[in-house]
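Next up: the structures, one after another.
Presented sequentially are two complexes of subunit A, the first with subunit B as partner and the second with subunit C.
Right, the complex of A and B next:
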């Protein structure tokens, strides 16, 4: 079998990429390892999705369903319960090997769109000491258990991490009858939106403990208690502040990392700042014919932008020509910027750029330059690490198409 | 009263006071903040998302939501009501499972399209 474009991953990024590539005239195969399309949105049953795109607060499954219904009206071939294990470069295009109920299959395709999402950091990644007992879950695993499988991960719960996923799980577990002892956050400020602090914690009288973390877990077979310690400003535990909190479940909501197993196999160059691939404005990686979008590219907080990057990747993968790549150099207080390269042979009149900062900043000016010309500038009264920013830049006006920078500085 | 508006992700910090002219709200970026503050002072309401059990293969539970806001004080009563519902056939997204919750005119609807999965 041969396809113009193979999309790996059937979450919002992959759905958008497949629909777009199809509509641009490509023959498309969408490969998803689970039984249903929708990716992580299947289990994100809370609302707040689609505000930018649809002007509505949809739940995750409702947002996904709009794209799934649209996909049904296309010619995209969908292969479910199919796990991609290997991708190999051929003279023209790539061979993709996937495992499904039918056995091991290999298909050939011209281009690959990686839309494999992200994975969660685990207990190992943050180094919590103690017993190897049951009852410790990542927030996504706990969410899957409750919202897909209809089972509870525990009765007395401690949540580590105050990002939106941690806050939403605190409310969810409370609604389903668990006692959430508290949400603990090593940083001095909460990670999630203020709105979620209120509607998820305050509404249910769930305590939030800042500058505190879990330092040890206890339990012979099942978790029985955790040790909490206060931490200093460099997030090191302070001796003498330890206390024991009894619980049978610890939920870790301590961060997401782009899933890049397949990208690594293909030798795709990664950005240490995003932990995803380095791409141009069309989401094409530094490896010709390989595109990356959604959370596989960088961790997004709004699904609306995940779909947007899928569409960019899908459209580009169905065309594509000879590239001329120039770096876009971030300067000043930026944590990261995507894209990291500009293909000056491709359209540059509406380049969508995303960036994040590493700490809360007030009164900042963002400037994008080409040579010594300013092509875009914007003032921000407040920038927060959990909120990704999006801009659209027109580079067409620039006289020199080289020496691109993006800079954030005090106003 | 100090409030954080939960209508949209902006999360405006507002103060709301009762006066003879009604409720005076400061700090909101849009009209919806005013309406939210008024309801927080009088009868706080929330939309709720949760799940109910099913006997359909591949769906131990199906996700549901209130299609509008119900009184905050009724959230756990709604959870009890959801605990008593079992879906016994595949339903399309948006199917009404319970009408006019607590006399509010708000319905409980499904938010997942239950499609039969052939294994």
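Right, the complex of A and C next:
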């Protein structure tokens, strides 16, 4: 079989990319490894999805369903329970081999859109030591147990990490009758959105302990207790601050990393700051014909932006032409900026850019320049690490299409 | 022998008063000391040719944690009558069980955990040693060299991956490289094949990561790599295939003896009688000996920590490499410093860094700590400076079971005639087990014959244990064919290691009846990749529940009590 575009991953990014590519006239294959479309949204039964896009607070499955319904009205071919095992570059396009319950299948496609989402950091990635007992789960695994399998991972819970999933799980487990002893965060500021701090912790009287982390776990069969230590500004445990908190479950919400196994296999150049691919404004990677979007590209705060980047990638993958790439150089206090390149051969009148900062900042000015011309500027009274910022920049007015920078500095 | 001098030296060095008593087999020490490392050091000072050390020096103020025992209490085994009862389901016990099934005997293996390979056999780096570090003839050397030689055959029979890709001990000085000639000579004398010194050019070609500082290396081509727990599982499964019984969650809690023989073995699942008992109890081997009234050696637990690296990390080497002695440590050359440790490419293609060696009082303390992590990374990453701490995706500890003499004890007891000890099995235990298991089976058979029990060959013995299917290794055509036969082999559950539902179902329905999340992980690697089970653990738990017809609340991670979940939602009350 031959397709113009193969989208790998049927979560919010992949759904949006497949629909958009189809609507732009491409023949599309959507490959999803699970039995149902929707990705991680399937287990996100809380609300708050779609505020930007639909002006409504939907649950994860509801948000996904809007796209799934739309997908049904397209000609997109969907292959479920399908796992890509190999991608091979051909003279024109790529061969993709995947396994499914039907067997091993190889298809040819012109372009590939990687919408493979992200994965969670684990206990080992953050150096928790101690016993090897049951009861220690990543937030995503705990969420799967509760929301999909209807089972409780514990009844006296400690949550490490104040990222959004950690906060959501604190509320979810409380609603199911568990006692959440506290949410611990090694950083001095919360990792999740402010609205979640209020709606998930404050409303339920769940304490949030900043600059503190779990340093050891105890338990012969199931978890019995954890050791908490305060940490210094470099997040190293401070001796003498250890205390023991009894619990039967530790939920880890200690960060997400873009899933880029396939990107690596394809030799796609990655950005060490985002851990996702380096892309231009059309989400095309530095490897011709390979696009990346959603959380595989960089970890987003809102699903609405995940869908947006999926649409950008899907639209671009169904067209595409010869590129002329120029770097966009981040300067100042930016953690990262996406896209990292600008294709000056493609439309540049509405370039969507996302950025994050690494620490809380007040009274900042963001400036985007081309040569020595300023093409965009915006003042922020407050910038928070958990909140991704989005801007749309018109580069059309610039006289020189080179030396692009994006700079964040004190106002 | 007169130990006064040593007693005085101990007093001077450690400030400890040691009382010494000896009999024909052992030197018994007693006293009190406030430092565990000192107690072990003192024990070693009393090692003399031809005698074992039983070290009863107590650690002041130390409250030994009670031994972990299965929660299960039933009488499933009660009244059983066995020709051989093997205590312990590590590599030793499982290999001995399998070798004994060559005879027509009633064999029971008891293991207190819910799976085999739960002790040191499941928590080591899987190196099949060449034996280059052993200086003098001893059982470790005898069985290590013999075991290494037959490893390929054994693994082929048992369907376990084995890769003989050698090891390189890297030298950064020409003097050391010159001195290593002595090691080559010794290795040759000990019958270790192919050991040689290679020069700067050859090592740089074999392992580009060391080219900046290596002036040469000691190359031991016979060193190999195996998954130690998969081999242990394979031995146990083959034993079961050939008629042995493996009873898990079964701890020996006592014994009865009469006329210098063990008559009854008491467990939490009932009391059984045995013609012959084989002690393969690892870190508890001395305790089991004591139960039989035959305590003549001590096990001092020694913990080792290994770090597992992301196989896709960029700085990993091609070969197994370790740093040889440096000029500073030259006097210690050959004293064990060149053994095992280093950056190890495992049989699964992963990389392990380690191990270290820490004497600890608690035999079951397999917890990890940041100190060991730092030591292991600091020491073993020297040979491969491109490795980064962030490349570590997992770490684990195992507890070795050495005696003070630091050699294996493989013999029938001099005092309890139907008790065979397979004790003090530590590195290179994984290497040696295939060889000594054959000898142990011989010792048992000879004993049974000597007391008038007919030991006939088992005509149905089948040495082949089929290798489990691994779909990711198949070419497209074979994979497609398999999926057409059973669509479950096309449904990938563990995305990191690419393990299909079909493989997981087979692992759940294994011959030992182990239906735990970690049991599946040990058998097919589901959950062993970079996400460490974050995605697939709930699915594996669900598959176990469905396959076994139980509720997910009953599914455990490992031993009884390690339930994955504590109940259903809507049922918890604070």
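The working rule: the second predicted complex is superposed on the first by the 411 of 411 C-alpha atoms of A that agree within 3 Å, B and C clash if a C-alpha of one lies under 4 Å from a C-alpha of the other, contacts with A are read in each partner's own complex, and residues count from 1 in each chain.
One rule holds for everything that comes next: a contact is a pair of C-beta atoms (placed from the backbone, for glycine too) under 8 Å apart; a residue touches a chain by one contact, two chains touch by 3 or more.
All values derive from a computational prediction rather than experimental measurement.
Asks: Sharing subunit A, do subunit B and subunit C clash or fit in the superposition?
Replies: Superposition result for subunit B and subunit C: fit.
Asks: With the two structures laid over each other on chain A, which partner does A:149 touch: subunit B (first), subunit C (second), both, or neither?
Replies: Both partners, subunit B and subunit C.
Asks: Applying the document's definition of touching, compare subunit B and subunit C: which contacts more of subunit A?
Replies: Per-residue touch count on subunit A favours C.
Asks: Using the superposition on chain A described above, determine whether A:124 touches subunit B (first), subunit C (second), both, or neither.
Replies: second
Asks: Given Cα centres, how many degrees, to the nearest 10, is the angle at subunit A formed with subunit B and subunit C?
Replies: Computed angle, apex subunit A: 110 degrees.
Asks: Go through the superposed model and pick first if A:51 touches only subunit B, second if only subunit C, both, or neither.
Replies: first
Asks: In the overlaid three-chain picture, which partner chain does A:141 touch, first (subunit B) or second (subunit C), both, or neither?
Replies: In the superposition, A:141 touches subunit C alone.
Asks: According to the stated criteria, A:20 is in contact with first (subunit B), second (subunit C), both, or neither; which is it?
Replies: After superposing on A, A:20 lies clear of both subunit B and subunit C.
Asks: May I ask you to decide whether A:341 touches subunit B, subunit C, both, or neither, giving the answer as first, second, both or neither?
Replies: Neither partner.
Asks: For A:193, decide between first (touching subunit B), second (touching subunit C), both and neither.
Replies: A:193: touches subunit B, not subunit C.
Asks: Just to confirm the geometry: in the superposition, how small does the C-alpha gap between subunit B and subunit C get, in angstrom?
Replies: Comparing every C-alpha of subunit B with every C-alpha of subunit C, the smallest gap is 5 Å.
Asks: For subunit A, give the residues common to its interface with subunit B and its interface with subunit C.
Replies: 101, 146, 148-151, 176-177
Asks: Can you list the subunit B residues touching subunit A in their complex?
Replies: Touch residues, subunit B against subunit A: 4-6, 8-11, 13, 46-51, 53, 58, 60-61, 63, 65, 72, 75-76, 79, 93, 111-113, 115, 117, 119.
Asks: In their shared complex, at which residues does subunit A touch subunit C?
Replies: It comes out as residues 33, 81, 83, 85, 97, 99-104, 106, 119-120, 122-125, 127, 129-134, 137-138, 140-141, 144-146, 148-155, 176-179, 216, 220-222, 248-249, 261, 264.
Asks: Okay, in this complex, where on subunit A does subunit B touch?
Replies: So the residues of subunit A in touch with subunit B come to 35-36, 42, 45-48, 51, 57, 59, 61-62, 65, 68, 101, 146-151, 172, 175-177, 193-195, 197-199, 203.
Asks: Enumerate the contact residues on subunit C facing subunit A in the complex.
Replies: Touching subunit A from subunit C are residues 68, 312, 366-370, 373, 390, 392-396, 471-472, 476-477, 479-480, 483-484, 487-488, 490-492, 495, 498, 500, 530-535, 537-538, 541-542, 552-553, 556-574.
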